[in-house]
Amino acid sequence: MMSTPPWLTTLETPTPQAGYELAVKLSRMAVKLTQPSEDVRRELRHVYERDADALIASSHVVAVHFATIAAANDYWRTT
Amino acid sequence: MMSTPPWLTTLETPTPQAGYELAVKLSRMAVKLTQPSEDVRRELRHVYERDADALIASSHVVAVHFATIAAANDYWRTT
Amino acid sequence: MMSTPPWLTTLETPTPQAGYELAVKLSRMAVKLTQPSEDVRRELRHVYERDADALIASSHVVAVHFATIAAANDYWRTT
Amino acid sequence: MMSTPPWLTTLETPTPQAGYELAVKLSRMAVKLTQPSEDVRRELRHVYERDADALIASSHVVAVHFATIAAANDYWRTT
Amino acid sequence: MMSTPPWLTTLETPTPQAGYELAVKLSRMAVKLTQPSEDVRRELRHVYERDADALIASSHVVAVHFATIAAANDYWRTT
Amino acid sequence: MMSTPPWLTTLETPTPQAGYELAVKLSRMAVKLTQPSEDVRRELRHVYERDADALIASSHVVAVHFATIAAANDYWRTT
């Protein structure tokens, strides 16, 4: 798909917050694979970061990935 | 991603209602990470809090996070 | 978040139908937390209850919450 | 919510197809609870049954409910 | 709902690919149940098969059904 | 559905990244099955790869497939 250095070697994270940040990364990665040009992505970002609908839609994708990562980490349960 | 104080140390909450409120927080955090300016976010909020479609979309994101948090808490089952 | 009386103390319901009604309540609660004015919400409702897209989007949110509540109740299995 | 006769007493169905039909019913019920007027719903239906986006969105809601019902029936596994 | 011959007797498929094809079938069936006219559906298809948003939305519905079918088949695990 | 060579024989992948790439493939396959013309798809791609909403929607579909594939691989847990 792309011969890049590995960018996802594990879903395990030390904390829920690190899991959330990984979810943000995963949600952006699909955009990157479809639109590889950093210039175009930067341009698009200027638009959508001021568009409430796009921000909510982005947050939705993060939520789906966070569900997966939380399950992978057994919800970081301490007991 | 941002060097902020920790904002998510556990998914465990004492009650379903506290879990729901955490779900609201998680759904807003992705917006904050994409649009860090509090001024812009306040402006956007004035628009979308009067837009039924945006409110329903927000509620959808909360529902996805609530599913994750409910599972993390074994649904707060008492038996 | 809001100092209201508790509105969600358990996800357990006696029947699937009561679970569905709880799902409706949960999907509306996120809207209420984002738009606390009852007047504005009533106004928005006049619009979206005649808008097929908004009604379907609402139904989608109910479906996500119903999935969570159904799991919490072990699907109300009788056997 | 509404004092109607019970319309959902179990999620168990004899076959996957009956489960799918129940999913269709559940996805319509949320619309009915938000827009109780049968006349308005009939009118809206005339519009959205010719609107590809609305049909796809409806199908999405059915898919979410079907996932819940399938889990409730242990996927109708025969073995 | 419709007195048609049975169209869904099991969620079990021999391979992931057959499961994916069943997911496509399930996502189309909800459209068929809401818009039974084959003529109208054919017309709508001419439009949405050239509309990127509709194609992505369709793909989303397939993804939800595929998740259900994959779980039903225990992910076709070989070990 | 299409008499093509098999394109999906297993959901098992050696790494999370390979699982993510399979999720991208699955999300595109539904589009291919609905719009088989490569020319039309290329044309559509020129449009949606510059449309933030479409890119986010695509990323959402990838997230749903990734959840399925991650579960199939028991989240690539090492312990």
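Going by the order they are written in, the chains are A, B, C, D, E and F; count residues from 1 in each one.
Throughout what follows, a residue touches a chain if its C-beta (ideal position, glycine included) is under 8 Å from a C-beta of that chain, and two chains touch if they have at least 3 such contacts.
Model, not experiment: these values are computed from the prediction.
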Contact-graph separation of chain B and chain D, given in steps at minimum: 2
Fewest hops from chain B to chain E - one hop per pair of touching chains: 3
Intersection of contact partners for chain C and chain E: D
Turning angle required so that chain E lies on chain F, C-alpha fit (0 to 180°, nearest 5): 60
Same vs different contact residues, chain A with chain F, by half of numbers used: different
Chain at maximum distance from chain E, centres defined as averaged CA atoms: B
Whole-Å gap separating chain A and chain D, where each centre is the average of the chain's CA atoms: 31
Whole-Å separation of chain centres (CA-atom averages), chain D against chain E: 16
Residues of chain A whose C-beta touches two or more other chains: 53, 57-58, 60, 64, 67, 71
Arrangement of touching chains [line / ring / star / complete / other]: ring
Residues of chain E touching chain D in the complex: 1, 6-12, 26-31, 33-35, 40, 44-45, 47-48, 51, 53-54, 57-58, 60-61, 64-65, 67-68, 71-72
Touching residues on chain F, where the partner in the complex is chain A: 15-17, 20-21, 24, 49-50, 52-53, 55-60, 62-64, 66-67, 70-71, 75-78
